[in-house]
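Have a look at the structure below before the remarks.
For clarity, chains are labelled A, B, C and D in written order, and residue numbers in each chain start from 1.
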Amino acid sequence: MKIHVRYFANIRDLLGKDSERVNIGVGATAEGVWNLIANGSKIPKDILIAVNHEYVDAKHVLKDGDELAFFPPVTGG
Amino acid sequence: MKIHVRYFANIRDLLGKDSERVNIGVGATAEGVWNLIANGSKIPKDILIAVNHEYVDAKHVLKDGDELAFFPPVTGG
Amino acid sequence: MKIEIITEQFDPWELLVDYKKNQLQNDSKIGASSIFLGTMRDFNDEEDIKTMELEHYPGMTEKYLTKLVNDSIKKFKIIDGLVVHRVGLLKPTDPIVLVATWSEHRDNAFNATREIMESLKSEAPFWKKETTNNGFRWVKPKNQNEEIVNES
Amino acid sequence: MKIEIITEQFDPWELLVDYKKNQLQNDSKIGASSIFLGTMRDFNDEEDIKTMELEHYPGMTEKYLTKLVNDSIKKFKIIDGLVVHRVGLLKPTDPIVLVATWSEHRDNAFNATREIMESLKSEAPFWKKETTNNGFRWVKPKNQNEEIVNES
């Protein structure tokens, strides 16, 4: 499946990229994508994950065409 | 002693006057003044009383020259 | 700090802008402003309201509001506070009361504005008289089961 | 309802006046307006702050804020609500966020504005990067013991 992955704030700094398209097998989870793209860095404990603009947890199973985002705890307001 | 007495809102309507100066003996309380001026109407249970712009209770002992005020529960804001 | 009893209709936003410009200018310590505006409705306790007369106790009201804001500055460590309250004859949509507090962090300003409003409502000497289709009535406080004394 | 992510400095009072004029005009059912304004301070976690960059997740942020205000309209029975949030490069004293709610009675507006701000702070996808004398740092949320990730 094709997944559009986006990175924000210090996650973007950590990975040195702000978005990419990845190919991954059917049934992959958000964490599975992280392991594929993060060059071996463990998924940060406090990371937030969204799929198609809704919060999900790391075990969330993706569908083809999903927009997946990784970002740190939010600090707006 | 001379006391300046003021009435507000429906207390003023009830008594038909907005202020007056009364003479009353030393040691008089706020309630004592009410009984003197109210032509026999009992002091309303929910009445508020102030002396020199501070809330007091009905048993408060007055001093010569005090400004005493009677008014209903407040409804500002 | 500003405490004002105002007899004419006022523009709350203009008043806030003026106050900030003249009293809080460049105050880069302020992270939070919490503002409450009470305005007159045209309906209360199941009756249409035409006009409202707001009365206060000159001297005592100002003194009480000053104490309220000073207490809040100490208790909530707010940087500054403002209360403006209308008196006289009001029509629906007129501003009645404006409360503003400024602080470093949001908790303080939120709590201060709320507490100033609650204390003002329950203790500051103001009284409302509403004109309905049936004459006028003195408003009774809400915590007394919304009773109303009719005097048409 | 109005949800806006704004890239330029904004005047919160002008914005409120415009919104009230165009959307809430003559709404004589409104008795209470509760407004919160967050502004940038020049000091945070024991360091002077020169500038701040605010980043968001376009699409998700707007969707989340819309949900927040819709939830508040239902839960607190408010008449209307507005959230404006700045992004981009900010300097001290710049407005960051404006939340306003309007209701018949004060309890509803007070609670709605407070809850919108708390949810926005803890869940809306925005991130702050501060520039200090030692470089820049990503701000960490306060409930994480005010830790800061230094990346000078």
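Convention: a residue touches a chain if its C-beta (ideal position, glycine included) is under 8 Å from a C-beta of that chain, and two chains touch if they have at least 3 such contacts.
On a predicted model such as this, the values are computed, not experimentally measured, just so you know.
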Which other chains touch chain B while also touching chain C? none
Counting only C-alpha atoms to place each centre, which chain is farthest from chain D? B
Centre-to-centre distance between chain D and chain A (centres being mean Cα positions), rounded to whole Å: 26
Chain B to chain D: how many Å between their CA centres? 49
Computed distance of Cα centres, chain B from chain A, in Å: 72
What positions in chain B touch 2 or more of the other chains? 77
Using the touch rule from the top of the page, what residues of chain C touch 2 or more other chains? 38, 106, 117
Which two-chain combinations qualify as touching? A-D, B-C, C-D
Please name which positions on chain A make contact with chain D in the complex. 6, 8-10, 13, 46, 48, 50, 53, 55, 69, 71-77
Residues of chain C touching chain B in their complex? 38, 54-57, 59-60, 63-64, 85, 96-97, 117, 120-129, 138-141, 144, 149, 151
Touch list for chain D against partner chain C, complex: 13-14, 16-17, 26-43, 92-93, 104, 106, 109-110, 114, 117
